[in-house]
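Next come two complexes built around subunit A: one with subunit B, the other with subunit C.
So, the complex of A and B:
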């Protein structure tokens, strides 16, 4: 009897130690991307950026191997939380690389607080609130937010292009609020006027009435749309014979739209925009990344040049892998060492150096761009201006910035703060 | 009920309808006084919303008419109808990209989707005739399977069917939107492609009406709608009529897919969106009635477009509110068949 139970205990111990052994060898990372819905194309290219990072950096950390589980979302906050929950509870991931879209980011950040022992690295979402309001100590964002990505655009539009009055059309959710926030702050600060802000639900198919309601007494119309919405808008804009000057948000003037099929995208030639990257930047680090992206996939399975989403996923994956290597994959003590390393790390990303502020939000480089035709029918964003060291308060004194309020349909007011 | 009898029976309602029609006509034709423009915005926006609503209604009619036809005759609630729409869109995209011909895309989509419809009718529906619940469950299952198969084959990308060159751009409509200070009238500019598509759906609607009311096959279909068993007893090959109607309904959904892919876009998820739209249209208009589908489609199209312009925050609710009101006051639909 004693003998039998001791055998059982021995077997049990062996089994326990083998599972412990197996866990030591692997670090499980959960990744989410919008592989459904309006932002499908963005999610797909995000994953390409992620895979490019793995090609370049490899999947090993010391003697451990990284294992990735990918889950799909559809840009709604509940889909993101569902995916993250599934990754944690079912796939037992230890680290998350998530999410892609603005509203998802706010939801995942809040969810991160219920799992303080895990580490969340934001993949690409860019709503201001995510890291600005009540940030989660275990949530790290290596891309700038929507407002930071608009830095430089307002001044360029006012001073160089001479636009005085503009109107905006944007998708009705947090990321675009943040983008319009950045634009309005700078454009109105320079003396311009934003006469009208139209908001359309994410996933709008029929833009005909929205297009009809665009004012004609403005110098330019700013488009804060992305994915299928942007393509639908442009197509119907062409059918309606629209001819206004356009300005673009960061996911509007992006390869996800610039390489869409059909001729509607040609309305964007000459459009000015701002984003965390510019397709034609001649920086060697950027060119190397573009090459790595192009080499990783056949031409019909990728865009001519990586989109902002590919770059963001690349940067986030890079930060995570480098930080893991700094601590040699040590996830003990609730991943304290990894979190410390992530907060301190400075990465030499393809789109400029990135470091984090005290809210674990990126300070990085921004680009003002203009859309050009390369002569063969492909559209690219050309660098007009490079602005380094853009922080979340956009250079404002934090106390002044706090008074402006959080980005929404009507905030900020069009005035000088 | 003829118009004179309606006026006799409901004089108050007739007056309200008359006043509303006159007001609408005035809104469409007159140059708006400045006070009105200030209160509800520019006339151009209003006119556009009206036109957009009607043309969108054209698209909804194409989808819903097939749905209602199939339901009217066979009592099949085909919840895979949205999948037929999406499949038609993909087929139309494939053919029009390969051949460069937009019209071939329509023909190809009609034929192929009609074939899928025939297979569905013979393989699935014939086996469970008269069993509503089973049919509903099976079609829900099929729509999920189709959605995944199409996701597998075409990916999550969105496709847009290229509009032929001669349809791109706006045309001038005979409606004055404003008068310049010089006294020159400004006319409404409207996308040609939407007008053409609307005209096509009107033609299809009229043809369907004629086919149902003026031909022998139409006679059989109508008789079948009224009493299937008696029709079968008279020796008419009723199964053949069923297959024919199912093919026609499915083919219409296929055509609608090409239309939707041209002035909007097709992607995964569109199947359920259009299934829902056609359900709402058919519930509002009256199950099984072609004129009902037309009326319902225009109402829902107008509600969506006017809603998106004048109450953007609540635009999504408006269509369902209409459905709720109709269900509460006239559960058989606005144009009930009997």
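So, the complex of A and C:
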């Protein structure tokens, strides 16, 4: 009896020690991307950015190896929560690199609170609410939000382009609200007018009624669309003979759209936009990143230049790996050291320096761009203006900013705050 | 409509079985399988934990409950309703709107014991109203009108910000905690879903043999004759919708407690079709079919991606595998997995059961 139980104990100890050994050797990271639905193309390029980061930085942290598990979502909050739960509960990941899209971000941030012991690094989502309202202490975002990505566009449109009245068309969800929020604040603050805001459901295929309802008496139309929606809109807009000046949001004027097939995208030449990156920026760090991205994939399996999603996934992965290396992969004490390192780290990302504020939200560099043809039929966004140190309150005093309200269909009003 | 007709044809054996209730069907010696399943389900928390307990078995029971409401309508009433998931989603939304959620501007903050019955009552009312519209039609028109209700509800939630909070939906929904138990913790929640699913299951089995259920099956098989006998055909159908709505609503409440979050994606048209697939794959003639179908569906949905990647194929094509799985089941047995099981039983034991009632 004694002998038998001692054998059992011995076996038990061996099993325990092997699991402990396995855990020491590997750090499991779960990644989600929109590999289904309207934003499939964006998700795929996000994963390319993520893989580029692994190529550049390597997959080891000290003597430990990083193991990644990828799960697919479709830009709806429920798919994101389901994917994250699967990664945590089935694949037993310790760190999450998730999610891609705005409303997914809000849902995952809320979910993160139910797992305070784990670490969540936002991959690319850009709704303001995610880090601005009731932020989760274990959720870190190294990309700017939609409003920060529009900084500079309103002034440039008003002062340089001379637009006085504009209308907007955007997808009806949090990220685009945040983008229009940033645009309206600055454009109306400079003296412009936004006469009409149209909202279409994510995944809209027929834009005929939207195009018919576009006002004629405006100087430009701002498009806050992405993925398949943007391509559908451009095709139908071209067929309808649309000729207005266009302005674009950060996922509208992006390689995901600029390198789409067909001629509809040519309507975008000359369009002004703002985003967390510019394709033709001559900064050596950016050029190096573009080269690494181009070298990692054959030309038919990637865009000519990385999209905003690839850059965001690259930056998030980079921040995570560098922070893990700072603490030598120490995940003890509910990952306290890693969280501390993530909050303090300042990364020299390809699209400018990034550091986090007290809500663990990125303060970074923004770019105003204009779409140009490279002479061979490929479209790129050309830098017009670089704006460093853009914070989440967009330079407003936090108290004034709080009074504006949260981005929605009608907020902010078109006035000077 | 072929589906409705097929359910007519195949639903006859259980109807006749229900007319001659057979007490021996419940004895352990004669029919061990249901008892074995019941025991396994009861001790499941010892066998599985965390992910399997909730994501596989809990989700199976929840989806199975919603599919059970469709099975009840289609199998016993001959009405294929695609709005069952919409009713479930409506109940879920109501729990979030009336109860406590992260969107304090929308949620009324009622305690769960007030919000949940109210949500169920509203969902039942909503489903009964939809049913009252749908019973004026037959076959494919019922499918179309219920699908239209489902699609309209989806687009409404997607664009309404005052009640449903648009595409973002409602997050961080509070779950019940009383008697010192967090009922959303894995093991208590599993037993809650199991209890609700069992309750709904036995309720459907009971109703199918009660006078109301028999009359409903009569209405399904020959509405004219039933009308001539003095039965109010449409009243029976609407009552069937009311019961099915309550069952679907219970499933919806569990669903929202499970994810603590609801958004238009939860009530999208694809999700409504999923419920139909679950019911058809499981077998639409038996209440247990809904749960079997849900189990197969959850397993495929969860593991298809991993299987493809293991085989070295492109993981992005995982929906193809799901589709092929369903195609295979429906191709080999038009009566779903339950049909296969009965076929096999009849073959292996030709004399003992003829169309016996293997409920469970």
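For this structure, a couple of remarks:
Here is the rule we go by: the second predicted complex is superposed on the first by the 417 of 417 C-alpha atoms of A that agree within 3 Å, B and C clash if a C-alpha of one lies under 4 Å from a C-alpha of the other, contacts with A are read in each partner's own complex, and residues count from 1 in each chain.
As a convention for this text, contacts are C-beta pairs under 8 Å (C-beta built on N, C-alpha and C of every residue); 3 or more make two chains touch, one makes a residue touch a chain.
Source: prediction; values computed, not measured.
Three-chain overlay on subunit A, with subunit B and subunit C in a clash.
By the touch criterion defined above, A:232 reaches subunit B but does not reach subunit C. Legend: residue contacts after superposition of the two complexes on their common chain; A:119 is shown touching neither subunit B nor subunit C.
Within the superposed three-chain model, A:85 lies in touch with subunit C and out of touch with subunit B [touch as defined at top]. In the superposed model, A:261 lies in contact with subunit B only, and not with subunit C. Of the two partner chains placed by the overlay, subunit B and subunit C both lie in contact with A:201. Applying the stated contact rule after C-alpha superposition, one finds that A:240 touches subunit B and leaves subunit C untouched. In the superposition on chain A, contact of A:209 is made with subunit B only, not with subunit C. By the document's definition of touching, of the two partners only subunit B reaches A:41; subunit C does not. The residues of subunit A shared by its contacts with subunit B and with subunit C are 35-36, 172, 199, 201. Residues 35-37, 40-41, 43-44, 172, 198-201, 204-206, 208-213, 227-228, 231-232, 235-236, 238-241, 260-264 of subunit A are the ones touching subunit B in the complex. Listed in rising order, the residues of subunit C touching subunit A in the complex are 50-51, 54-55, 102, 155, 158-159, 161, 166-169, 171-172, 259-266, 268, 302, 305, 315-316, 318-319. Listed in rising order, the residues of subunit A touching subunit C in the complex are 35-36, 70-72, 74, 76-79, 81-82, 85-86, 89-90, 103, 106-107, 110-111, 113-114, 134, 172-174, 199, 201-202, 408-409. Touching subunit A in their complex are the following residues of subunit B: 41, 44-45, 47-49, 52, 55-56, 156-160, 162-163, 167-170, 189-194, 263-265, 267-269, 273, 304-306, 308-309, 312, 315-316.
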